[in-house]
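Here the chain labels run A, B and C in written order, and each chain numbers its own residues starting at 1.
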């Protein structure tokens, strides 16, 4: 019997509240928690590099008195010898008490939880889920705004591929009176299938222009927008200034708006914003440590169990998504639920 | 005065029994050992990558309350600046209490033990020795079969280059009534000089075919067989199915046979074998943690000393083996004992 | 309020004495210090690899009971995603209690201390400063010679680019009656601007030849000399034997001279010197652990503050040094003090 965290929606609204409250308690009374994981080991399996996520998890486990082992890129792992995710995780679950993993393929942590004997935390699976970033975002929102209900949230950048955006929309869709303002060029809009999932729970508008809407926002969630995503470079040139947040543009924003960003930023937030009290992104990075401490404690203690995977093998149907873990893992069962691959959620015809 | 572990034969049969017994005690009473290495540091020097071995040693040291430092590939070490193994180890022995090392060159840990002030554990030196894998194998055999004497052990795969195989043969040759069944293509048979070492202590047969012999085995020790090893690809095509273990083939095996594998596997064991009670390879991986804990404790406590290296410098004779540490280490003495290089055992004319 | 260590001259002569005394106490009574940093975390940010420095800091923190997180090369950091040093350090300072960093660009740790909330220790910034190597050298000198005053110090090798040499000269210039003997080919002499800084505090001579002067030295400080530095290979061929220290050459040296080297060495010290009692370089490596323990303790406890950076922005003037952090960090202020870049000390016209 154990819990895993693959998708932010694996946690109920009540559990998220408890995690945020626990994280605040740790923040204010860190000495109470210094040794609570004494003798415990976290396996940190980063099949692709991620400094921020890896270091925040590592700091979280060490701050609880626990130890951390693992690898920080696939090159230094036995993956390079052709080992499957399933075998790697099964081995590491014999060497550790909880596993955090990042993998470039969608659904890899679902494969992992099937072979692991210890809880699995998804620290990012390709463009799919990144639930601990969303937990971090939620804790930041809660401490700065004191509530989740009734917020107007602008999200700017690459809304087509940005996994943190999709997770945030999903997580916020469970609260009341949420309004999203999606700010992106036409080519990088939120995909229709994501909107379909949540359109009855949230209201939203879409726009290309930040300056038109900045005054309405409680939160401005920035993400990186990559030049390579534009098929039309003229459009990029036309829009890029609009997508750089500057102190000048903040003049029209509410006094208590929060500027958030999962980091690392490149040029999308000018450094002249850093000293503005609305800049919340460094506080957000700091929250990442505390909410992960709360999460590790919860999963090590939780004796309930995940819902069993609901899926069925349909002969002759395979997922076919090249970004899905089914595209490279040997010995995998192609499971389908409600017409979708259970690993990557892709619709299967 | 200190002990090192370079070759499995550095340990007496009695010591192996003690280590296995200690490992079982740790397995059943881990809380007794949580802090026994508090304040101790293990140096983990992986001049070539090895996830499994590195993580199992790391987990072992952490489970004893100790700390681990080091590097996981030569690229991130001062080797890239031209430092010798001898100097690197001398430095790290000032920063740690025990050193675990893997190096691509044969005999590198012998160079290391000459410059180190702390115990050296060989975690693999090229195709030469890998004594802690053999300890892991022995612990697995002992817990599943309750004895070492009188076993029939099939070994399948690349028996020419497989260091785990050679070490296992050497280790088992010290017990009574051991019968080996060597299963490999003709080109990858156990080298004659290895057979010469042990042929009076074990009995053995050689065959190309697993299915002919599987019913006789108490243990089937699988290893990876690489396509590149075959000079004749037709022979590879003819044999490869024979060398993949499947649930189907297990039908003719004894009910209490153990399927072992040092891992990682690629395709040589089908995943449909994993749920068979004879599949021992994941238990084997788990044993690796406990036997290494026992070994670390022993070497930190042992105040006896290795036998001195018996070797003499013979002017004008050098080893010449390109896989030997003498081929690249500056300032090394070419020592010869009984006509063989003391680092790599190669016969010197 | 916190102290950083960017340059060895950030520490007063009295502070260096205290650090050396503390390091000796730790050396003789390590058990007193086993848990003094329990619950503390060191961030080790190696934007370029350095085994020796990284492992000695890691061993130091672990020997105090603390933990270590970080990365060992830029490739495994978010730098590869375009993050600035400033943002990386600001993040890591939320995850740790003290930060050690090595960076290929001069002045990078000054950028770091401006964004960090915890003490910064410079573990090498390009060819600029390496203050903990100098602390290590000073501790070694103090234990072997019992004093800093009145020493004659030969420095051999690449004196033009060698940062450890420049730091050592700066540090020793604060003691009385120091005589330096600079031994190098003409092309690799100590730069005039370095000599200008200290020429009124030390006396010195310059020579090409070690053998002429070795009998006068209390300390012979060796550094690596790279063939590539010579524009004239004939000069290299003529001099290279002169720059290899051998047991033979030591015959003319004082009986209590110390041979020092920051390591790693390649061929500049023959291994036949290692057993000579004058060989101090392995003891030097060992000192590195203890002096770093003393330094970590001091910076974690020190509640005074660095002197504020004295600099002014001069419009239209930029540093222009391609090795300076200003050449690549976004959002940086080009600060100038006394006509020099505050990051790399380069004179700005």
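Definition applied: contacts are C-beta pairs under 8 Å (C-beta built on N, C-alpha and C of every residue); 3 or more make two chains touch, one makes a residue touch a chain.
Please read these numbers as outputs of a predicted model, since none were measured by experiment.
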item: Copy pair chain B, chain C: interface residue numbering same or different (half cut); value: different
item: Size of the rotation, in steps of 5 degrees, that lays the CA trace of chain A over chain B; value: 120
item: Rounded Å distance, chain B centre to chain C centre (Cα mean); value: 41
item: Shared-contact residues (touching 2 or more other chains) in chain A; value: none
item: Contacting residues of chain A [partner chain C, same complex]; value: 31, 34-35, 49-52, 55-56, 58-59, 62-63, 65, 68, 72-73, 263-267, 270-271, 282, 285-286, 289
item: Residue ranges of chain A touching chain B (in the complex, touch as defined); value: 38-39, 41, 43, 67, 69-71, 75-78, 80-83, 86-88, 90-92, 94-96, 330-331
